Amino acid sequence: MAAFFDLYGFLCIMILQQALLGYSLYFPLMAGQLSLASIGFYSLGGYVAAIMGTHPAFEAWRATLGWLMIPLEWLAALLLSVVLAVAVGLPALRLRGIYLALATIAFVQVLNVVVLNMPIAGGAVGIFGIPQAFESRFAYIWFFGPLLLLTILFTLRLERSAAGRNFMAVREDELAAGAMGVRTTANKVLAFVIGCALAGVVGAMSAPFLNTWNARQGTFDAGVACLAYVLIGGSRSKWGPLLGAALLVALPEVLRPLKDSRLILNGMVLVLACVYMPRGIAGLFAGRRA
Amino acid sequence: MSALLEVRSLSKAFGGLLAVSDVSLSVEQGEIFGLIGPNGAGKTTFFNMLTGMTRPTSGEVLFAGGAITGLRPEQVARLGVARTFQNIRLFAGLSVFDNVRIPRQSRERSGLWGNILGSPLASREERETSEAAWELLKLVNLTDRAMRPAGSLPYGDRRRLEIARALALAPRLLLLDEPAAGMNPSEKAGLADFIRQVRETFDLTVLLIEHNVPMVMGLCSRIAVLNFGERIAMGTPEEVQCDPKVVEAYLGAQKRDAAAAGEGACLHSTM
Amino acid sequence: MTLAWFLQNLLNGLSMGSVYAIFALGYTLVFSILGIINFAHGAVFTLGAYLTYLLSVGQFGINGLLAGWQLPFTLPFPLALLAGAGLSGLAGMAVERLAFKPLRARQADALLALVSSLGVALILVNLIQYLFGAEIYSYPSDVLGSLPPAFIFKVGGKPVAVRTVQIVLFVVSLVMLAALAWFIHGTKAGKALRATAENQDTASLLGINVDAFILGTFFVSGLLGGLSGTLIGVSFGLSGPYFGVAYGLKALAVIVLGGLGSIPGAVLGGLVIGLGEAFLPPDLSSYKEAVAYALLFVILLVRPQGLLGGTTEQKV
Amino acid sequence: MLALDDVTLAYGPVVAVEGVSLTVEQGEIVTLIGANGAGKTTILRAVSRLIKPRKGSVAFMGRDLAGLTPDKVVRLGLAHSPEGRQVLARLSVLENLELGAYVRSDAAGVAEDLERMFGLFPRLRERQRQAAGTLSGGEQQMLAIARALMSRPRLLLLDEPSLGLAPIIVEEIFEIITALNREGTTILLVEQNAHLAMQAAHRAYVLEAGRLVVSGDARALMDDERVKRAYLG
Amino acid sequence: MSRMLSVLALVLSLAVPALAENVASPIPIGFAVAQTTNVALFGQEQVNGAKIAEEYLNSLGGVNGTPIRMVYQDTGGDEAGAVNAFQNLITQGKVVGIIGPTLSQQAFAANPIADRAKVPVVGPSNTAKGIPQIGEYVGRISAPMTVVAPNSLKKALALNPKIKNVAVLFAQNDAFSASETGIFQEAIKGLGLNIVTIQRFQTTDTDFTTQVTAVLGENVDLVVISGLAADSGNLVKQLRQLGYTGIIVGGNGLNSPNMFPVCGALCQDILVAQAYSPEAAAEVNRVFVEKFTAAYKKGPAQFSAQAFAAVQVIVEALKKVEATAKKKITAMELTEVRTALNKALRTGSYVTPLGEISMNAEGEVEQKDFYVSQIKMDADGKSGKFTLLPR
């Protein structure tokens, strides 16, 4: 078993981390909003942690606070994400479906260029040598594990509460939801902000995990991958993002023996998954039960 | 009786087309008021303006004495105006029970975190909401299918569920958009009884769009008739049904002339 | 702010804008008929450029599986261009059959088509890389015949320069647009295509073979993609199998800016973004990549249906 | 001309129509009546192959339709004017009509039929350049019927031609339906307004919850107590 | 999926025996670069160089008679891929050392893994500041370009002493180019020249009319470009086509035959700062160029040469390990070899195609020779070469 974790420990943590990014899209989807903004907030959160962890201006803080600096970074990423998410969400959420998705793509692209032009973000090479919270990468399970657990618990509670039903009402029929007294805009923004805040915190946790942070973290491809986790996992199931991330993150590693043709096969699996599991992996289980 | 809903010179233009033109009417507390008119007369647009889904080009809507023009749908709903839709807009993927719980939730005061952490207030409100929703499901005989997705119900049940869902808002004014569409005559009669009963039980005022003239005639105390966006007549069923303008709109010019000549060419209250 | 400066930027903007526009046409055609964005379009674009290269030069490079291989024949460039475009059209049809039709048949969530088309894009791009390697390929410099590389003229004493390739791209995109407009508005098949775009059930009840039209649309879309891929390849070289990706994303901004599903919109959107980038002050060149997306973001907030889009319901 | 034999139709797991057999003979108007959701529209959609039967067969002109796509069925001489006035809103009235004749290649005949439609529906002539979506409900219904006729069908399927229309227009449309039938078009009519439908039709089938309950001569059925109570009020 | 993973875990835990084992024969050396994604252009060049090295060094007897075996793992273009590839090489590949990854960003994520596992890493192409400082086991043979930039500028001034106005262009999303341009700009100011415009672009850009227009608008007589081959090639091509006639100085990213297909005949006369020149005199370079050209029908790029050098450095260090330990590598424990290799890497110098190089105690490379070349294209404009300018 030890050998397994040596080899795949990092991969397991990656699955948890990517699953969390999947959940950050799951919440807006729960309220019917197709957003790809999460990856931008992930990138932003990472920068917050990277800057607070390495920039000389925070030297005194780091000296005083010690390990407390890490939760403080999470908090800072969370707050910044919430503020920015509200600012972006309020206008953008007037859009629907593919239009919202495209607006969020645009937002992420603009954010990337802006970050690349900010001296504090370290330009193309980004920021590196971020103080490590743990010796071993596998120990980062103590970051991502509890967060994932909390997120799933949160999702469970949400689905069975008035707040979650409000989200789902907006998803099912926004017009009717409004007519039934559901504050549609507020709920959409709330769902969006929850997702963005989660992505921001995951970013803040990931910067020390990867030891480096740069503009390549927030690319369109990475954003779409997060959406793929949710859709391949099952967009109507709280287990969807986890299942999807497990499959899609592990797949290229499982295919490693195929060398440079492995991404061809990876693409084929994506297509086949869409065709043969239109309701995602979670849908397979649901189908069997029914 | 005082006016619960008062509409003053309401107009809506889409591009150059006047969908609703200068319509005024007032609905008294407790009455069942009918809005009829041929297809394309602007009835649904009129409803949409009352409920905040369409912003009027001009005019004013007063509900219980306060202006509600320009409010968003959820604000109007929270003031006590509930509606159904011509083409039934349930939350099809959610359970029948959830469909009725959702409007009731709009009164809850506990927020997201109360909900997630299960605060005493949230738990109490959740219980109250569920109980109230259950009562409404009993009223429409849907308790046995409460956990099925609303979209899987047969047509008639969906109509009834939609009314129950509107009632869950505990409205003072209920707007029904063609509730009898697609029902056969015996079902229509049953529906009319149901509307009367609901009005009594919940002390409601009802504003009803209907295509089916006989049902409106039998059910409503007063009726307004729209044609091409204009209000062409208003009054009791008896007054309206022989109005030459109404007869023309429904039955054509020949019948109008007959009506004007007093030859009994009226809209029939039975068919 | 001299006249020469203005003219120069105008020319640059129009030419680059027309490149964006022809790329975007393929997207917008598929969107107009299926209401879905075909993320594999960028890959088909790349494929077209590689195929034309292969047919006209006949040689593989040094890194892919087929390193050192040679075709037994080569075609003159114009023929290779047409053949490459035709093959890209076939690739477009394959995309339809692989990524879209199975989902349609199963009435799956429209969002899934997004993922499955990305999957096909992944397959295509990596297949190209597998076979051709990641190296840079370039068309021989004489594909445009004996034309000079650029035209330079003076306005008010200052030089204004335009590359011949820029002019070719601009003219070809105008021709493609005109041909497409004629096809869609002037032919019976075009009418049927519009009917299919509006309502597939109704179209089939009129005797229109909806499936064939969808397939045909993908063919035309792939053809346009392959053609524009080659032209851009002629202008800039083929800098690896991923060279279509950057265009693909920007072309998304183009079609939304112009109005999803609107063909004149794609052209207008392309020109607006091309001009927007060209007229960006030199000091801000580091923000050039953001221009298209910033414009997109703003236009979505002000006029969600895009510049020329109707207020039609979207399907996705 | 048209024969359904023991047809069962379903949307996913939900069975909409079960074990229905019916026939339409050359020259007839046959009507299907029943409450909303009884499965009338579903049956029409099965005839034109928009949905595939789970069980049973549909034959048109003696030919089993299994395996055909809707456009092939149209080429066999069937036209379907769908429910809810499915005109192509962004195309002009004229283009809608021209597309009605999509399967035909006799330009002269098409031009002649276009004239005939404009004769039947003068309002469409006035508005031929307008986008179909800007027509009023009644005009759209006329366009939908005219478009279906442009293919010179042997059998016309009409789904709810009176839906949402003012009585005055409904009357007009039913006059045209009977006129068409006199000129030789066979018609299968689905109609909410049972009264009107039974008056226009030769034979009627009554559908309840996806099953045929009564069928027979339309006039006779109008006196059937059960039908009277349930559908005629 | 989780069930599948746990089954996988079980199988692997049975398949992989416990540690404390000897080095396999042939000696496995890890090579983790980007063979897929849009970084593959460089990764493939690196693999090409490594393949030549493997074959050539084995033909010379490998490590005192024991052949070496390169174990290739694809990192893709991102950090996670690099980490996974490293993990794989360390635990499954049982390699004595790792060469890789392609990008500096990836190095920051992946190298700590190797450092912690006490596996020496030799960076073949990581030029960012801070790489050797990642850890004790991290070193590189790719020099940051601090020396060479001023050299090429001086050559330009020698060609045209009247140069005054300089335009600087760089790829802002490329770590190497962004830091190189800083050095260039310092050097330009140091030579008393004016920087009249600084233009940024992306390595993914193909259209440079905006930047070119800005350059042409300013009476520029020297253009200095820091970018990668594809983008810089297009930039040069468009500069020339639109009428720029002055001297062009390119940074180290332009030191690649990949330039030739892109700008063709218009590449002519570009001055290029080089950390590697195929024309450099060393015998090992002559052999390398010969073998490379025979295998791939084209001259080696700097990435290939650096990859070759990295393999060579490891093999020679392994020889030193044997000499010190006085026993065969294959008779030693893996962990022992790794530690010893790391120490050996940092002692002495190596004569490679890059010239004489060595690694200091920190793992930073010290390279003796840098070059300035001028591109000379063949008559057909299809191929060309970097002609070494006299120092």
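Letters A, B, C, D and E mark the chains in the order given here, with residues in each chain numbered from 1 onward.
To be clear about the criterion, contacts are C-beta pairs under 8 Å (C-beta built on N, C-alpha and C of every residue); 3 or more make two chains touch, one makes a residue touch a chain.
The shown structure was predicted, so the numbers you read here are calculated from the model rather than taken from an experiment.
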Subunit D and subunit B - chains in contact with each: none
Chains contacting each of subunit A and subunit E, listed by label: C
Chain whose Cα centroid lies at the greatest distance from that of subunit A: D
Chain separated most widely from subunit B, comparing mean CA positions: E
Pair joined by more contacting C-beta pairs (A-B or C-D): A-B
Chain centre separation in whole Å, for subunit D relative to subunit C (CA means): 43
For subunit A paired with subunit C, centre-to-centre distance based on mean C-alpha positions, whole Å: 31
Interchain centroid distance [CA atoms averaged], subunit C/subunit E, Å: 34
Distance between the centres, which are taken as Cα means, of subunit E and subunit D, whole angstrom: 73
Touching two or more other chains - residues of subunit C: 126, 129, 286, 289
Numbers and ranges of subunit D residues touching at least 2 other chains: none
Multi-partner residues of subunit A (at least 2 other chains): 116-117, 260, 263
Chains touching one another, given as label pairs in label order: A-B, A-C, A-E, B-D, C-D, C-E
Sites on subunit C touched by subunit D in the complex: 188, 191-192, 194-195, 198-199, 201-211, 310, 312
List of subunit C residues in touch with subunit A within their complex: 37, 39, 98-99, 102-103, 106, 108-109, 111-116, 118-124, 126-127, 129-130, 249, 252-253, 256, 260, 286-287, 289-290, 292-294, 296-297, 300-301, 304, 314, 316
Residues on subunit B engaged by subunit D in the complex (per definition of touch): 38-40, 152, 154-156, 181-188, 211, 214, 249-252, 270-271
Contacting residues of subunit A [partner subunit C, same complex]: 34, 91-92, 94-99, 102-103, 105-107, 109-110, 113-114, 116-117, 220, 224, 227-228, 231-232, 235, 260-261, 263-264, 266-271, 273-275, 278-279
Residue numbers on subunit D that touch subunit C, as the complex places them: 48, 50, 69-71, 74-75, 79-80, 82, 86, 88-91, 95, 98-100, 102-103, 147, 151
